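Pasting the structures here.
Next come two complexes built around subunit A: one with subunit B, the other with subunit C.
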Partner chain A sequence: MMQTRESLRSADEEREELENGYLTDFQPRMMDWNASRIFAVKNIRIAIRYPTNVLIWGLLPILWLAPYLLMMTAVAGPGTSEYFSEVSGFSDFLQFAVIGWFIFKYIDASIWSIGNNFRWEQFSGTLEPLFVTPVPRISILLGAAFSDTVQTTISAFILLFTAMALFGVSYTLVAVGPIIVIMLLMIIAFYGFGFMLAGMILVFKDPSVLTELINNAVFTVSPITYPLQVLPAPARFAAYLIPSTIAIVVIRDLAIIGTYDLFLFLQSIALMCGILIFFWAVGIGVFNYGEKWTKERGSMGGF
Partner chain B sequence: MTQTESSSLHEKMMKRGGLRAELRAANALSIKQWRVEFSYPLSVLYFIVMPFLWFLPMLLAGTAVAGSPTSSVFGTYTGTTDWVTYIAIGSAFSGLAMSLFWGTGMAFRREQNVGTLETLMTTPIRRDTIVWGTMLHNVQHGGLGVILQLIFSVLFFGATLNLWGVFPALGIVVLAVIGMQGIVFALTCIVLLAKQGWMIIEVVSEVFLIIAPISYPIVVLPPILQYVSLASPLTWSVDAFRSFLMYGFLAPGIIQAVAALLIIDILFIVVGSLLFKYTERYVRAQGALSQF
Partner chain C sequence: MNILGFTNTNILTLFLGEVIILNKIAVEIQDLSKTFISVKKKAVIIPVEKTRVDALKSITLDIPKGQIYGLLGPNGAGKTTLIKCLATLVLPTSGTARVHGYDVLKESTYARASMGVCQGNERSIYWKLTARENIIFFAKLYRMPQNEAKERADELLGQMGLLEKADIKTEELSHGMRMKIVFARALIHDPPVLLLDEPTQGLDPTFATDLRQYIRNSLKSKTILLTTHYMHEADLLCDKIALINEGEIKSFGSPQELKEDVRDYDSIHIKTKGDPDLGLIREIDGVMSANSTTRNGYSELVVTAKDGYDLAHHVLNLIHQDQSARVEHFEIKEPSLDDVFLKLTGRRIED
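Then we have the complex of A and B:
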């Protein structure tokens, strides 16, 4: 009898809470910044629990970069080659590659971290609760992207400073302002790229294969270790569709030479803004379609 | 199935033993892994495209500094100016090594993640058969990758192979697998003890790949790494595999490479097997097999 009274009271309280609470006032929105912030803080809290991950992701790329540099040394001799200077406009291929790999850290993160975020929630068993939360999915993805940018920036600087010390290369900080502007545009453009991948991963499930495939394809056509000029013309065109290509070219010039033609710089900014809008539109579109497709088939929680 | 039939099948299973039974179990594990991989359609595409995508950046980086498929600097280090063929063969072989390190090293963790590790461990087979079975799958998987990459390299990038060296090169693959299985046993121990062992596998496998003459001769490494490199089975395997495929039967320095590989193989497989035996026993005694 007492239990029935208690449950009746609790049902009344719940109804009252619902009537006055968030759920009844809830209106679907395009973006919930509060949800993004909470999700980003949650991810950063988890990351802080595993600090070695940030360190190891800063140091591991050196093990991937070293074979390229050793191979280039074996083929052309230490540091430089006449042909390389001719096609790239830079004399030192070590200096050329290290800054490229620094930027590649952000490409890698956008593909692996943002795109795979929902897959990891699925592995943790929290995907379904997350999807019934009354907030726009894009806010959740954006939150994940913010937290990944923080972690990637730390790892990227660990990589840059370690590689500079190991390979004896240095860069100028004269144009640090323009570098930051270009970097920000690239990172925001990559968020759209990450949303697109997140949608694809919801559909295809197995993220390792898709992610590896895209990561390797993007790496191959990007001017990270070698200049764009060595790519065949169609691949060079494809490279310019990736948000990082223009950024790598401009940042490399600014970090090595310290100057860049003002008109070309503004042109690059305009191009990057165009790419940013394109990737956000495509990314949100693909993600929404992927989510709808998965929900209709009831395969959201399937592996 | 009646109860009598079920119990007779169970008795038959418990009585099984011997090398033939273990080989059948290893083969069943290999087939199971193929089925899992082919249930993801993108895996098939990945499998075909990846050997190509792994090699391409190396080729482009080499082209950016050499400007042509030959390099006299490379000739002074390696004895051949054809750096494209040198890197194509090395890079193809590294695909096999990666497949063994990752595929086999993480086998226990994978079974644990899908909830089948305890079932597998209570199956009446030797524990190391689980590792050998996964290795069998990864040799097939990685081996097909090597073949695909070599075909791509010959057809599209102008690599030249000496067909007389194909059979002896296969012999080197067998020796390489034995040595690398020793490393894989050690990696499996790390996974069993540390559970989330991917980080260690990544570092260990990358270090083995860096010190091996995959896309450059070891002479470009710092002196201390050159000495460490000589103790790795991967170094001698890649060297001998490439020598046979580039120069045929009478490849220079091949006897020395095969002899060194035989000695290293024995050392690695004995140490690796013992490590696995004692680690697996320790983990079970601690009741930590299914812990995440």
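Then we have the complex of A and C:
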């Protein structure tokens, strides 16, 4: 039928259509990387235009971390304690905690960023205009994720360098490549989790209780400022179920000692890949369900 | 020749005729219904009461290419729900809709690429970005390269009279200017179909007139579905109007046809000092009726005629020649779309 219609178009109509090159060449895409980049750049441009973000990126992280480090120093004295060295295998608890906090910045952002971004678009009134463009949803989700990863990277490195300067900690740079590989896998895996939360935000509008709960639970059982060995056995078991635990353990070893068992490293990569596939499958499924749910109820732009 | 008396050539011609007609339809809406079910819950999760709202009831409407069709109705009539169904933001409960030949459910990406949507909401752009940045951002989402997006943004902002404000953050612009940016965004990819949902809502008269003139003069080749509750806007812009209320199209036709449904004559209202000679007025060719009421030396004269504008000067001349009355006020009243709506639904559009 469409073929017949095409062949019957008058010369004028065909000319009119040809003039609109965009429609003539248009083909839907599964993924539009350019749209993701454009969306991320837009988010970063807007973020820069809120001057107080400088405080959020630069000052707040160190204000959150400093009390932990000061408390550790007050309890155990400067640098370390015998018990800490025994349970963690590391000699300097400040060095241990700063790198843990550096990684947690990415975990925290990955959990919150995509969902928060969708919430912000909903509040701004710009979510519906975005959804009437022919851009695949996954590209918008990834654009939101990229922009937050860039902002988190700025914030995390300010935190790292400030903490290194203030508390005199340092790290070995011999295994930067493997650290980046594990970090990327962890961040990308958590993007999937972020897709899931974005879908929930479409449905529930404000799932802050849930995200706060997940975020704080992850923070509590992850070996960020203390080694896993100090956790009670059930909490330690729960910690190993969280994908970030593997990443924190491997990255900490690579950053402090500079080496890691090759077999264990490859095993960690395989595990992270498995988690990544699982989170993405669940995340995209939940997001698609959330979009359909809101379209059925006509509540896409509502807040 | 077959049993119905058609030759094969006849059948082919009929078939082609139907196909050509179909091809000229830019928006096809067939039996589109939307029912919203809201569930009241106790203790967050236990459903206790279900409320069913039929926002759209089996709407059928075909919009030929290059025509402006209006959806006119009061708040809550279903106008925005219909626009959102076409814009792929709301899933219809039943029925089908095609935009530029693409099914909004099965070929939603193609449909979205073929339409521009303007929702009358100034918040639907980024206030921290400039006017130009907003347009360029959305242009790029429609796969335009940077230089082309910038050119298009400048072209549209120029047409909207906003070029000199292009680099000012949107938060610093007036409501009317923001609405023009929202409107310009809908045109960014030069779509063949435009869905305009109350584009002049809340605008001051100057901005509203600018936008209406733009729609009328610069968007002649576009197929437009316009929702509004401003009768004069629908009257001015639309080739055909669907009067919609409680999710149903109550009446459909050109503004003139709709008004003729109410009455096919105009009434001339003349206030005079003194008492004009009704007998002479009734004798004028074309006058259907003439009546007057007199109070405190002033008369209220009502003359009805098929074409009030054509007859008015005859009546005024006659009163002028008749020394017994002097015209103080004069007005021709055509039936309005509001009269049509009132007759059909028992309520006024702006209720």
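Please note the rule applied: the second predicted complex is superposed on the first by the 261 of 303 C-alpha atoms of A that agree within 3 Å, B and C clash if a C-alpha of one lies under 4 Å from a C-alpha of the other, contacts with A are read in each partner's own complex, and residues count from 1 in each chain.
Operating definition for what follows: a contact is a pair of C-beta atoms (placed from the backbone, for glycine too) under 8 Å apart; a residue touches a chain by one contact, two chains touch by 3 or more.
Bear in mind the structure is a predicted one, so any value in this text is a computation, not a measurement.
By the touch criterion defined above, A:L266 reaches neither subunit B nor subunit C. In the superposition on chain A, contact is made by A:P227 with subunit B only, not with subunit C. Once the two complexes are laid over each other on the shared chain, residue contacts for A:P134 go to subunit C alone; subunit B is not touched.
Touch criterion met: A:W64 reaches subunit B, while subunit C stays clear of it. Looking at the shared chain after the overlay, A:K42 reaches subunit C, while subunit B stays out of its contact range. After overlaying the two complexes on the shared chain, residue contacts for A:G125 are found with subunit C alone; subunit B is out of touch.
In the superposition on chain A, the residues of subunit A contacted by subunit B and by subunit C do not overlap at all. Those residues of subunit A lying in contact with subunit C across their complex are 1-2, 4-5, 8-9, 13, 16-17, 20, 22-23, 26, 28, 32, 34-35, 38-39, 42, 45-46, 49-50, 124-126, 128-136, 292, 295-298, 300-301.
Looking at the complex, you find that subunit A touches subunit B at residues 52-53, 56, 60, 63-64, 66-68, 70-77, 81, 83-84, 86-88, 93, 204-206, 209-210, 212-213, 216-217, 219-220, 225-227, 230-231. The touching residues of subunit C, counted against subunit A in their complex, run 16, 19-20, 22-23, 34, 36, 55, 65, 81, 84, 87-91, 101, 109-110, 112-115, 117, 119, 121, 123-129, 133, 137-138, 140-144, 169, 185, 189-192, 221.
Considering their complex, residues 40, 42-43, 45-46, 49-50, 53-54, 56-58, 60-67, 71, 73-74, 77-78, 83, 87, 199, 202-203, 206-207, 209-210, 214-217, 220-221 of subunit B touch subunit A.
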